[in-house]
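Here's a structure for you.
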């Protein structure tokens, strides 16, 4: 099973100032699924993605992508950071940002050329904002910014995508466009791992979830894992919230 | 469209170049400057420094590290003083000393941030003023030495263009060319880490190394400028040209070129004026010129500038005011089932505040409302039509946004107050109308 | 009014001491005066700086002190050139005028940020240097009118504060009138300047009044000054007036310090609330908030008052460094407000000795220079005699570094020790957790043997052995053959730890 897994995390522990943020995380995500990482605020969802991608140091543990360590699997990985993590007033155009997706494959010093440009335009077409290619990025709406990031990830042409809250503060139309895109990626046997915070849409969108609160509470196919008991374990004492959830869950089941 | 195929940009470049060159005859005419050997050296030195710091300033400004530049500049002072004590007044050694001290300053800043809970602002304040205090103490030690050899070392505080000699300019030119070369070589990488650091890391770039490279280049640029602009005000030559350039363009490439030209202008003008009058320190003059460029830019630059923005805002406000009032009058009539029922001015002011008056007058001029007496209004026939059209358009917009995806309609970037008929082709509008009339179940069809 | 206040203080002091002692304490002792003024500035700055530090606005002091320079120069030029009046740097009018300029520019930059065209760091790095630059240009242009050396702009002249005094006459304070037929008026003919210019002796334009004891009415202090110039005014048997010379900066800085202190005491509750309110603390993004602007106004006043003593750049240290050091030492606001001034006062009083080469009385900089002279060659000049204000700042930096290294809770040493300890504890929990997770699984034999643990945990063999040793000594694990097993007490301990983890 370990060979076919898109992502395999073992005993991953991360600490800030020796206070554990992630504790002994074991997680295996199979190939070709739409997976969500779910948990309360401060549970370490973004930290998990960043630690997996080597953006923050790990105190212990191993991570492998399709059985390979991070250094060797770099080309397989696509990343969509949180929209708020960059300065959208940066003087550049949508097309430029999307072309950044191919910088990794280009390697050091080499410049992007016509081929990369064409790829970027195709990706923009794909996410439905081809007409915005030459627009300055500060003039984008939140949804368009998110689409720009997605287009950049498409240009990366990866096998496994990590997305940090791609649905945060986007309009309903964009949300639907994004999920359509993610489904399409899945149909091409890519793996998509998403940090997600909206419990309402979990069953609809994702077929695989990991419930996280510092530790992994449960992980597996949504139908098996997304239960009231597991949610209560994950979200702890938020009882009133839990009552609400149970109603929805009852309907969902 | 690539960044270099932009006519407006090349226009601005040409204009700035013209100003740069025109300053020389202008200054010899107004200030009676004679471009003898010394002044020529100063001019070239100022221009070169302006170019180098302007280019690197773009990155410092975009990474929001302007104040780190300030810290480096202040921290360089003890380095200058110690280098002077050891090696004497050779510029190369003073710059080496400054660079080392500047680096240690940045290191100390990072160490404080990493190991304590002191936030960036206070950490910068502590490092900046600590090093500056140490530098001032060393400087006063040097100044009180009985030997006369210390002349000019105190000029590093505010800068002294007149002290620049041929060798200094050569040094600036060589180091500057080296910096530009490295920037060109790693342009793609530096742009990437400046915009999206994490993405660069995930794509396998050695971000730590790039970070250090960029920081080193910025330190070198600051240090090169210390003799001209001084430790206290060097940061101005670093960031002002980029801030000004940012207002004129939306491309990093364009911004960097403009920034270099603005920097050259500020450097030249400041250095020449100061060289003509020995009493005036160079750093402050450069800052004043550079800040003047910034002020002009934020005032006049198209689409970002203050004048442009306020003009647009006023236009929008007026347009919205009229449209909103028309809608208010229409809804008032609708709710009373009588579009001829007069609306009192006071009521509209209550709804919309002061803009109501202006809006009403505009509508009256356009013939959409009629004044009945001093304090009440009624819709005209045209007004009723217009308001109905707008209401209809609004509803279509709402439907459009709900079902754009489902109906596969083109994504138009228009604001709500535009008439949808002007934006969408009739066949799409028909589809939307059909949707409105029928059940929402049509959506799935 | 200020003079009246000084007089009152002196009268109070005279109950316990003599005029000569007071003079010996301040006017004749540049050292004492410098220490006192430094301490007053340090206290004022530390009180205000603490709140700015907590609100993440420490650099605003940098901004204000820069822009205050322009305020000072412009106010000064306006008053001397336009109103043609005599003036000096401790005048209250100048104080308030320049302080308003300081706060005004904060408003201005705030507007600059809000226009959205310039990022906050760039605006700070741009607007204030610009105002400062104009100030410097004006000074170098009108140096004669502003009585300012350009160097004083960044270091000040705290060593000279003792010589800028108000004189208070205590006894024999009758003015002395010298008529032309007074024998003492002989000196009138000595003053060729006045005669040549056809000036009436008391004419304010007579710049050389103290050199020429010419006829007219003398205040006692003028008479004494004239005598000091060798012009006999009092008879030998006549009682000379007694004076107390009182450095002006002491009064001004004392008042400012009291003002700041009473502000902090009066509004302690409100200040505390805003200091810890995260929304308000958002760097420079202050809302129209009266309390904050009062705070900034006081910062401006303090910067102006301290200007001739420590200059416009080094004054920033008095606002930032002591609170930053105190912040490393304590979590309580009131303790910070006590510790920060203490650090500031300690640094100023030891800094003055450092300026002469004595570091806390244990180390001589001159020795170091002598040694260095032998190695690198300093031209034989080994006397460390440097700027007093810069030395005070250096002592502050020293205090900061000491706090940074040795603070019992946040210091480098304490952190290192704690980290080392926690790292160990952490590794132990990790191992226990690993054992727990694989306890009843088939893979246990592979996952939890002494030989495979290093591989699974990504640790070295040595590390694993050490941790196992520690855990065994506490009976949390036991070893059977090659197999490492969790004991019951180990399991309990682990579950407790995990519970705490989730509830953090």
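The chains carry the letters A, B and C, assigned in the order they are written, with residues numbered from 1 in each.
By our rule, a residue touches a chain if its C-beta (ideal position, glycine included) is under 8 Å from a C-beta of that chain, and two chains touch if they have at least 3 such contacts.
Keep in mind that this is a model prediction, so the values were computed, not measured.
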| item | value |
| --- | --- |
| B-C or A-C - the one linked by more C-beta pairs in contact | B-C |
| Central chain (distance from its CA mean to the mean of all protein CA atoms) | B |
| Cα-centroid distance, chain B relative to chain C, in whole angstrom | 33 |
| Euclidean distance of C-alpha centroids - chain A vs chain C, Å | 49 |
| Numbers and ranges of chain B residues touching at least 2 other chains | 64 |
| Sequence positions of chain A contacting 2 or more other chains | none |
| Multi-partner residues of chain C (at least 2 other chains) | 119 |
| Chain A partner contacts - residues on chain B that touch it in the complex | 1, 62, 64, 185-186, 188-189, 191-192, 194-196, 198-205, 246, 249-252, 254-255, 401-402, 404-405, 411, 413 |
| Residues of chain C touching chain B in the complex | 53, 56-59, 61-62, 115, 117-122, 124-127, 129-130, 132-134, 136-137, 140-141, 143, 150-151, 154-155, 283, 313-314, 316-317, 319-321, 323-324, 327-328, 355, 376, 378-379, 381, 383-387, 389-394, 396-397, 400, 404, 410, 412, 415 |
| In the complex with chain A, residue positions of chain C that touch it | 119, 418-419, 422-423, 426-427, 430, 433-434, 437, 456-459, 498, 501-504 |
| Parts of chain B lying in touch with chain C, wherever the complex brings them together | 61, 64-67, 69-70, 85-86, 112, 115-119, 121-126, 128-130, 132-134, 136-141, 144-147, 149, 154, 157-158, 232-233, 235-236, 239-240, 243, 247, 279-281, 283-285, 287-288, 291, 294, 298, 304-306 |
| In the complex, chain A residues that touch chain B | 50, 53-55, 74, 77, 79, 81, 85-87, 90-93, 97, 100, 103-104, 106, 108-112, 128-129, 131-132, 134, 136, 138, 152, 156, 171-173, 176-177 |
